[in-house]
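Sharing a structure here in structure tokens format.
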Amino acid sequence: MGSQFGHIFRLHTFGESHGRAIGGIIEGCPPGIELDLEGIQQTLNRRRPGQSNLTSPRKESDRVEWLSGIIDNQTLGTPIGFQIRNKDADSSAYREFKDRYRPSHADFTTEAKYGIRDWRGGGRASARETAARVVGGAIALQVLQTVAPVEILAWVNSVGNIQAKVDKKTVTATSILKSKIQCPDPEASQLMIARINAVKKERDTVGGVISAICRGIPPGWGDPVFDKLEANLAKAMLSIPAAKGFEIGSGFSGTLMKGSEHNDTFIPGNPHPTTTTNHSGGIQGGISNGMPIYFNVAFKPVSTIFQPQQTVNKDNQVQSINPRGRHDPCVLPRATVIVESMAAICLCDHMLRQRAIKGII
Amino acid sequence: MGSQFGHIFRLHTFGESHGRAIGGIIEGCPPGIELDLEGIQQTLNRRRPGQSNLTSPRKESDRVEWLSGIIDNQTLGTPIGFQIRNKDADSSAYREFKDRYRPSHADFTTEAKYGIRDWRGGGRASARETAARVVGGAIALQVLQTVAPVEILAWVNSVGNIQAKVDKKTVTATSILKSKIQCPDPEASQLMIARINAVKKERDTVGGVISAICRGIPPGWGDPVFDKLEANLAKAMLSIPAAKGFEIGSGFSGTLMKGSEHNDTFIPGNPHPTTTTNHSGGIQGGISNGMPIYFNVAFKPVSTIFQPQQTVNKDNQVQSINPRGRHDPCVLPRATVIVESMAAICLCDHMLRQRAIKGII
Amino acid sequence: MGSQFGHIFRLHTFGESHGRAIGGIIEGCPPGIELDLEGIQQTLNRRRPGQSNLTSPRKESDRVEWLSGIIDNQTLGTPIGFQIRNKDADSSAYREFKDRYRPSHADFTTEAKYGIRDWRGGGRASARETAARVVGGAIALQVLQTVAPVEILAWVNSVGNIQAKVDKKTVTATSILKSKIQCPDPEASQLMIARINAVKKERDTVGGVISAICRGIPPGWGDPVFDKLEANLAKAMLSIPAAKGFEIGSGFSGTLMKGSEHNDTFIPGNPHPTTTTNHSGGIQGGISNGMPIYFNVAFKPVSTIFQPQQTVNKDNQVQSINPRGRHDPCVLPRATVIVESMAAICLCDHMLRQRAIKGII
Amino acid sequence: MGSQFGHIFRLHTFGESHGRAIGGIIEGCPPGIELDLEGIQQTLNRRRPGQSNLTSPRKESDRVEWLSGIIDNQTLGTPIGFQIRNKDADSSAYREFKDRYRPSHADFTTEAKYGIRDWRGGGRASARETAARVVGGAIALQVLQTVAPVEILAWVNSVGNIQAKVDKKTVTATSILKSKIQCPDPEASQLMIARINAVKKERDTVGGVISAICRGIPPGWGDPVFDKLEANLAKAMLSIPAAKGFEIGSGFSGTLMKGSEHNDTFIPGNPHPTTTTNHSGGIQGGISNGMPIYFNVAFKPVSTIFQPQQTVNKDNQVQSINPRGRHDPCVLPRATVIVESMAAICLCDHMLRQRAIKGII
């Protein structure tokens, strides 16, 4: 329990960071969809480690191997099995954590839950698992785009206290991708890079906020009352390692507004009504209203810092550790594509749910 | 799809605001648990309307009728069916919205999704549905308390820009309950009441933040990778009407910290290690670590304001509305118990999931 | 866990035989469907006790009360909550079984599982629970009939060794309903009635086989590999109290045939190919092929016999019992409508699953 | 949807017969269980093709590759990913079926459902998929055996009209495995082999019945009302390719008995009551009662016969086919291990469900 997401379109992942492979099964993918497999690989490359001095130097080609569910690039409607081999796993740096709990990692809790733990590379708790989500998300997006002109963009909106200035209405994929750290504000991007380099030099890490916008979502997706679209988006985002917060539309700042300021006035639109403002963030009552869906996700600073730290071991005794290994000083640049992927899976699932009941009369 | 929450302990709700009844089925409740049914009713009374001039004057006794699953106050292990009759439904104030969409409500989106809508009292989208959640949550809490000394507290932490000063470590149920608006900081409570009265006079509404803490949760609850405890809490909270944001532990402010500041140092504890700080918010890698779990939930200002507003009708034409009816100027005082309830359901479900696999060897 | 059936169209039931009420929630019902509520009540009346001297004399009006999900006879797409009050519960005859286990009933196993048991009227294990299934099935059928000319018929095909002669191709609802025991072969019907009266006089009970046919199912319903249509039908049927066997198409007798005899030859049809024979029973590879779906369900003789019997009590000691109370000497006449109902729910769920992915390209 | 089985212990399979690989994910496997991986491989070898002249000559080593969830032979509690490569796929014999529907196969229905079909080797509808079930079942059995002395045996009980004489009480794994066709009655085994050889010579096929017994199941497993243990077993069995019927305990023959004959008398036992007879088949009210669980599964004759046959093509036109390829003349000898596997998965899932709620008080 726990490694699946979605009700009709469902991603099921497996894999430990230093095991044989990671991968998954995509269930409920509609048949007959022409997939751009090379495009999926390119999407996956966005989260690949070793791409710059700002990310972990682990060298993984992260090549997806498709095992089932596709013939001649077309989906069969059957489960799509896939794997990504772990090739550059180096467990030596983790040996010292076999019996000691790294602070703010999942070492202690994994052992508390399971009584056993794969200490090599963080095991199942490693963010390496998210590669399988990117594969699932890339397929979800292609499915979505067969039914609507969906565009999902996520970017680094802040690193520490450096805040980008981004116009949600006009931001483009190009402007995000041309930044080494996925920040479409060139000035902020430079400052963020400098900041990440600085904390890296201090053997420290830094957090930040990823913002996202989903365009082209028609009205009617989302399932009240517990499976509200924003509720499943929140779950999707908080399931990403290091995520600590989620806000949709006006979010926390909306709590400072009055109803008369916050309400989004409906005006006639084509083919359906639109709103003059969008404090709702594209969702009302758990269902999309046709306006862009936007949200923020908070990420804490990476827990692995290359500094001596105190902790305890399995026997509840004080210990010192001094982590080595290959880690990102800031998780955000590689996490934008994960945010996009989880949003795509969530939206694709709700799109299919809607198809099941739509227009029966 | 959509009206169920939980995998083993599962709440399934039904009901429209002005229909015959609301209610639900609680599935997966362990057998042999002595329920305090009067205590459940009292918990439910906390969200009842008509309790003060700060809330909707709708008069509902909101008496739970137990239909199954309980004998001599003991759970049978079978589904617990229950209902709460709608007695004071007055649909007259809603007639003008039958063909017009109230701004920032679910009227338009419900119709976009279903092609049909119960316009009376907001139908299924009404927050009245949450009464069933409180019943489910109250039972979940009693189940939790048979296995651990669990305490779940939620309070109003801000209303608009009025911020309470609350020490999470020491806050008590008593201090929350003695405030008419569930704010344990007496000074802030007074200011908040004044603010709510002021916006009410302006025929306007106001939002705010509810904070919560869950104590006594043992290490080991939560299911990586998609069913991380914080992910399901996020879903639970964002499924509450008017919720716009969620943050766990350090949350959005944690993005401003460095790893060296944010990491929670483990120290020996009894019976298990604890941490010196708790920026993690009691969850690491999606699993509880034995520290208190705390989080914030942002609520937007109530959408129904008693002011003339422009909108559109079903035919996509400009219309004016001037809402009447019975509504809260601020949703937060009645929502604290809903936050507690959803947290209890979520925790109870993960507790049972953990039991299924724990100690098999 | 256990009281729900279906993935998209889902029935969730609650209720003990002598509790306040039985009922359920129908989730995933498409919106905008005009329900014939009186027709549903009439369908439910077919399983009502007290209709003749061949069934239990318990007097229950079994009137469905609709609690939600319907407005002006139209489905809203929201959960349909409903209840049926238990009015003529008489627990006195069960008091002697409070600590003693009735042979071949669920008394011992319920206690083994839950450690507690509602001894009144068999509690949750009573076939009274199936009334909620009939409500769910009647709605499912009306949903099905909005998309295809579906007809589902179940009849009593044998009682003990009395075998009806029924032509599956031509059997009609009328011919079934005009028999007091739902057997469309008038001669066999007379013999069966005589047999049931005879065993009743002996204070004994008798079993038999219910056969069913589902017409008008288009090709394409069913989800390989575990959710094959026949697999879910088998589950649906074996979940009916007293059911002991299920066979689809040629069933057990098909094991005596050679492949050359069993294969159903395809011939051109309109609008799709048909087969000359139908040993497959309308399903191939878990998916409907457009031919009639037919199957048999075996029912054991009712366990409650009005004869002295030996058993044990809670303390594992030998005891005697001599059951009284109100019971059917043969469950089959009232079970045909349950078989039809479960088939309808199963088919409706698979129809909606198919809609989710159909024609996306 | 459709490729998963189980609620807590869940098997999710993927793979087409002639695709890159088949495999799956086992979710919900408890942690810390020492697996006998070589034993699992040996179990899998029982269903491997090419073992004798009675089975398909396709040569597959069917070697399981473990991808995740296991460290040092111990389960981690995380998803167990595995794959089995397809090595000896020869699609040439299937080319003639690319546009023509093989009688009583899933060709037509797959195309009706998905609009696309992997014609190579039967694609997803091939029984090759069941290899992944055997892997899941072998792990399930090892999990079961950590909590109870569970033994699950399935054997060929009839081939056509040749009926084995097998004493369910005493039948052993050894007696089954020493028969080339898994029939523990040596005399019947010889006759069956002769029969299979005879039909093979006729280029025909034959069906039969597999019987199974599950020993050592404690009382209390199974989840009323829809997830009755026999209901999920029925689903499990009918999901096996070529299965046409299922009966538990007295099954269809029980319909000929009176209640006074069928009832199983309880007598004191140690540690819990037992019954003098076992017409119930070890399950009462959907919950195991501690007696052996036994059931029969009917299998139709294999649809691929090496004889000219008439059929239609995609254009609804009459066509002739004359199948070649590699097929079993009788599916039963290789299906006993599949029956055992599905029973193990089903029982393991219900065992874990029971653990979740058991002894909470």
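Should a chain be cited, it is by its letter among A, B, C and D, assigned in written order, with residues numbered from 1 in that chain.
In this section, contacts are C-beta pairs under 8 Å (C-beta built on N, C-alpha and C of every residue); 3 or more make two chains touch, one makes a residue touch a chain.
In this text, all values refer to a predicted model and were calculated from it rather than measured experimentally.
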- Co-neighbours of subunit B and subunit A - touch as defined: C, D
- Task: Specify the chain most distant from subunit D by Cα centroid.
- Result: B
- Message: Report the inter-centroid distance (CA atoms only) between subunit A and subunit D in whole Å.
- Response: 39
- Message: Using mean CA coordinates as chain centres, what's the gap between subunit C and subunit D in Å?
- Response: 26
- Message: Need the CA-centroid distance for the pair subunit A / subunit C, whole Å please.
- Response: 45
- Message: Please output the residue numbers of subunit D that touch at least 2 other chains, ranges allowed.
- Response: 1-4, 8, 13, 28, 31-32, 77-78, 113-115, 124, 224, 353, 357, 361
- Message: Which stretch or stretches of subunit A touch subunit B in the complex?
- Response: 1-5, 7, 13, 101, 103-106, 108-110, 112-115, 124-125, 129, 158, 160-161, 199, 202, 204-209, 218-228, 230-239, 241, 243-252, 254-269, 272-273, 275, 279-281, 283-290, 296, 298-305, 307, 309-312, 316-318, 353-354, 357, 359, 361
- Query: Touching subunit C in the complex: which residues of subunit A?
  - Reply: 8, 28, 30-33, 77-78, 143, 146-147, 224, 352-353, 355-357, 360-361
- Residues on subunit A engaged by subunit D in the complex (per definition of touch): 1-4, 8, 10, 12-16, 19-25, 27-28, 31-32, 65-69, 71, 74-81, 83, 113-118, 123-124
